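First chain A sits with chain B, and in the next complex the same chain sits with chain C.
Presenting the complex of A and B:
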C-alpha cells in the first residue's frame, strides 16, 4: 500500500481540495470523473471492497430519493418524457437528479477513500504538529475508535448471555429483544471502563499543562508541504472562478 | 532513565483511616507502609482486605478528599535530600492537600490488577502506548525513542513493539502496563497482583523484571493474596484483614504462624510448603456414556489466511459423568478457545462436539447452555446485570420455572454471597466477582461444567468454596473440565490432566 507513506494532512488537503473543486465545477462529467477516480484509487490501495460497501450503504437510499423527488416532481421540468397524473418524468428533472447524485457520490467516495487510507493514530499525531490542544486529538481518536470498542464489548455481553441460555433467533423481533437486553450492560460497562481509564490518564500525565511531543513520526516532506499549499490554493481559485462566472452571467448557474 | 540506577526514593504512609464517600465503615485503618530503595515489601491479604485500596492510595489513583475521607500522612522523599520533603497531612477536612497525580507518578509508579485499565486505548501500537506518558511530559523525540527501546528491552517487549495492544496475551499486557509505569523511571513501584493468571514462563519473566528493578534501587511494594515465589523474596510482609494490619514482619516468621490462613492468604507454590489439601474424590461413573466428547475437532482463527495455523488440530476428548479433567498449557495455547468450542460460541472447522450424547452442530449456544455451563476467564466478561441477585437469576426461569428463585438462592449460598443479593457486581472484590460468576454457572445445574481459570483472583476462602462446588457438582454426576495454569491445583483436584500445546491435546 502506498498511501500510509503519505502524511494524513496531505491526504486531508487533497480530499478537501477535490471536494471544493468538484462543487465549484458543478458538472456531472467532472463529478463522475472524481467518483471513478476515487474508486480506482481505492482499488490500487486495496480498500475498494470496503469503500464500495460503505459507499453503497450511504448512497443507495440517497439515489432512490433523488430519482423519486426530482425525476418525478421537478417543478421546472419542461421536456416531459412520461407522465402519470401529477407525476411527470422530465429530462430536466432527471438531469438535476443525475447532477446532484453524481456530486454526492463523489463526495462520499472521496471521504470513504480518505478514512480507509489513514490510520487514526497517524492523523492524531499529524494534528498535534498543528499545535491543536492534545485533548482535541484524544477526543477525535477515541470517537473514531469508539465503534470497534463498542462492537467488541457488545460481542462479549452477547456471548455471556448466550452462554446462559439466551437464544437469538433470525427474526427481527428476537434480534430487537436481544438488543434491548444488551443495551444496559453495554452502557454500564462502557461507563465503568471510562471511569478507570480517567485515573490512568491522570497518572500518565494527560492532564499536564505545558508543551507535548509526539512519538509517532509522521512522514512529511517539502514536496508534501508544497502539495498541500497548492491543493488549497487550487481549491480557493476554483471558488473564486466560480463566483466570478456567476457574477458575469448575472446569477447562479 | 539514564544509567543503571534509578533516582532513589522512599515512601512512608501512615493511614489512620480511609473511608470511601458514602461508606460508614472505613476500608482501611491503622496501616503503615514504608518503601525504601532496593527493598521489596509485600502486602498480603484475602479478597476484600483493602489491598487494592491501599495500593491505589499509595499510587494516588485514589485521593483523600476527592474519593473518600483520609486521615493520616503520606511522605515521599526523593534523592538523598530528606530535609526539604514535607509530609502530606490529611485530617479528613476540606483543606486537605491535593496531589498532582502526574507529578506523583514521576516517583511512584502504580500498576493496577487489571492491566488493560492502564492503557490509553487510543494508541495503535505497543511502542506508542509506552511513549504516551513521555509525550505528555514533553520529552524530546530522540530521548523518547531511546527510553522506549530501553523500557521494551527491560520488559521483554522488544519483539512486540509494532503490535496492536488489543491483540496482546494476558502476560504480555501485564508487561506493557508495567512498562508504561516505569518509562518515567519512578523510584517506587506499586504492583497489584502482578502474577495473577500468568503461566510459569510469564511469572518467571515478571519476577525477573521485579528483581532487576530492585537491583536498580527501586523500592517495590507488591499487593497479593498469594504467598508465592515473588512475595517470598520480600524483606517485609504486612498482612491485612478487613482493612487492618493483623500481622507484620519477616516472611519466615509469618509463615510459621497462622495469621496468613486467618486472613485468607493462599500459601502455595513451593515444594515442602503447605499446599492445597486434595479433596477426597469420587470416582467417575465408569460405564456411563460420555457427558462431553470432542471427535477430531480442528479450529483456527482466520483459517485459510496467510500464515494461519490451527489452534486445535484433530483433537479428541471424552469426559464421563462425575469426572474432573484439568486442561493445562502455556498462555496463548488456545485453552479458552477450546472451552468456547464446547458450547458453540466458536464452531469447529472440522470434527464434532457432543454434549450429553447429542452433537451441537447447528444448535444455538443458548440451547447448548441448558446442558453445559461455561465460566469465562474474566468475570468482567461474564457479569452484566445490575445486582448480584439479577445476575444469578438470568435465564433461570426458562429452565426451572417456579423453582428458579430457590436455585438462585442456593447457588449464591454455596459461594457465600447469600447476603449480597442487592450489591452491584462491580462493587464486589475480585474474589467475590469470580465466585458470583461461578454461582451463575452452578445455578443452572448443567451436565457439563467448563471452567476457565477458576482459581485466578480467589483467596484461600474462595478456593475452599470453589473446590467444594467442583466436588459437589461431580458428586451429582456432572462432568467438569477446568482450564488452569495452576498445576498444583490440577493435581490435587482433577482425576486426570490433559495438556494443550501446539494445537495438540495430549492426555496423561
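Presenting the complex of A and C:
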C-alpha cells in the first residue's frame, strides 16, 4: 500500500496530467495502455475489484451506446462492411467508436483509481494549503460523508410512510404519489438540519475570510512538489504539441 | 494604546470586486468555449477524433466552472454553503429514487434548482458546478458537464428572481427554456469529449438523426433538445413543490427569498407586524 502515503495533490496532478496527455495523444493504443495501466496500478493498490466494478457499471452502457450509434450509423464512413437497410456498418464508424470508447475508458478508470486511492479528509486538508476557498473543502467533504446518512434517512422515511399505509402500486400516479410522500419529509428534515448546522458554523467564524489551520498533517516532500510541477508541465507541453500539430496539418482537427 | 482587534476582519470592497471579476471571467470562458466549439465543428468530425476540440471543451468548460466556484463560493452566507452538500446529495439520491420509480427521466438537478430558488443565481451556478465536480468522485463522466450544470443553476436562480416561481404553472415553463439552453451547451461536450451519449434511449435518438445524415454535434444537439427541456420542466416543477412544502419560517430565512419576493405569500415576520 504505497499510495496513501503520497500527498493527494500529487495523485491529483498525476491523474490530471495523464488524462490531458491521453486526450492530446488521441490514439487508441495510447488510451488502451493508460486504461490497462490504471487497472494494474489499482491491483497493486488493492482496490482493483472496486475500480473495475464501478468502472464497468459506468462504461458498459456507454460502450453499448457507442457501438450502436457509430457502428450502425456513421454517415462520414466510406468503407462499408455490411449493408443492412438504413444501417451501414463502416470501418470508419467502428474505428471512431473504438477510439472514443477507449479514451473514455482511460478517463473513467484513471479518475476512479484516483478517487479510490485518496482519503477525503486528507484531500480536504491538502486543498486547504492551496489557498482555495475553505468552503470548497467543506462542500466536498460534507457531500461525500452526508451521502450515506441521507440514504439511510430516506430508508427511515420510507419505513415510516409504509407504517402509515404507503403501498407503491403499479400505476404512474401511485408511483409519483409515493415519491412525493418520501421526498417532502426528506427535504424538509434536511433543510432544517442544514439551518441548525449553519448557526453552529457561523458561531465558529466559518464564513469569515482569512487563513485556515487543520489538525490533520498531510505528507509532502520536495520530490512530490517537483513531481507535481513536472506533471503539469508535461500536460501543457502535450496540449501545445497537439495544437501545433493540428495547425501544421491544416486547420484545427 | 489600542489593542489589535481579536475578531476576524470583514472582507473589503476590493475583495468583492475581485470576486465579481472571477465570476465574469468564468462566464466568459464558458461562452467563449461554446462559441469556439460550434464554429470549428464542421471541419472537425470529418477530420477524425477532434482531439483539439476535446481539449478545448474540457479545459474551457472546467476553467469556467472553477472560476465561477472561486468567485461565488466565498461570498455566500453560511446558511447557503451548508445547504449545498444537501443539494448535491439530493441531486444524486433523488436521481436514484426516480430511477427506481421506473420513469424515463434522469432528474439530476433537483437540488441545484432548490438552492437556486432559495439563494439566487450565483449560488445556483456554484451548486451546479460543484455538483458535477463532487459527483465525479463517484462517476467521472459527469465532470466535463460542469458548465451545463452551472448554467442550469444560474437560469433557475434568474427565473426565481423575476418571479417565475410565484405562480406554480410558470415554473415548468422556465424549466423548459432552461432545458433548451442547457442541452445546447452540453451537446458539444457529449460530442467532442465522449463521442456520444451514455444512455440507451438517448443513444437511439442520436442514431436516428445520424441515420438521416446529420453531423454528430447536430444529432446530439437535436437529441438534447428532445430530452432536456421536458426533463428540466419536470425538475423545476418538483423543486417548486418542494419549496412550497417547506415552512415559511425556513424559506424566509434566505435573504434572496425575502429581497426579491421569490415565493407567493407574505414574509411571516412582516405579516404579524
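The rule is short, and it goes like this: the second predicted complex is superposed on the first by the 216 of 253 C-alpha atoms of A that agree within 3 Å, B and C clash if a C-alpha of one lies under 4 Å from a C-alpha of the other, contacts with A are read in each partner's own complex, and residues count from 1 in each chain.
FYI, contacts are C-beta pairs under 8 Å (C-beta built on N, C-alpha and C of every residue); 3 or more make two chains touch, one makes a residue touch a chain.
For clarity, every value in this text was computed on a predicted model and none was experimentally measured.
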Contacts of A:184 with chain B and chain C, given as first, second, both or neither: both
Of chain B and chain C, the chain that contacts the larger number of chain A residues: C
Contacts of A:214 with chain B and chain C, given as first, second, both or neither: first
Which of chain B and chain C A:166 touches, first, second, both or neither: first
Chain B versus chain C as contact partner of A:138, first or second or both or neither: both
First, second, both or neither for A:205, with chain B first and chain C second: both
Touched partner set for A:197, first chain B, second chain C, both or neither: both
Partner chain in contact with A:121 - chain B first, chain C second, else both or neither: first
Touching partner for A:157 - first (chain B), second (chain C), both, neither: first
First, second, both or neither for A:73, with chain B first and chain C second: second
Intersection of the chain A residues that touch chain B with those that touch chain C: 138, 142, 184, 188, 192-193, 197, 201-202, 205-208, 210
In the complex, chain A residues that touch chain C: 20, 23-26, 54, 58, 61-62, 64-66, 68-70, 72-76, 86-87, 96-97, 99-101, 103-104, 107-108, 111-112, 115, 132-133, 135-136, 138-140, 142-144, 146-147, 150-151, 154, 172, 175-176, 178-180, 182-184, 187-188, 190-195, 197-198, 201-202, 205-210, 239, 242-243, 246, 251-253
Sites on chain A touched by chain B in the complex: 119-121, 124, 134, 138, 141-142, 145, 149, 152, 156-157, 159-168, 184-185, 188-189, 192-193, 196-197, 199-208, 210-217
Footprint of chain A on chain C - complex, ascending: 8-11, 15, 40, 43-55, 58-59, 69-70, 73-74, 76-79, 81-86, 88-90, 92-94, 97-98, 101-103, 114, 130, 133-134, 136-141, 143, 193-200, 202-204, 206-207, 210-211, 213-214, 238, 241-242, 245-247, 250, 253
Complex contact set, residues of chain B against chain A: 56, 59-61, 101-102, 104-105, 110, 112, 114, 117-125, 127-128, 131-141, 144-145, 148, 166, 180, 340, 343, 345, 364-367, 369-370, 373-374, 376, 381-386, 394-395, 398-399, 426, 440, 444
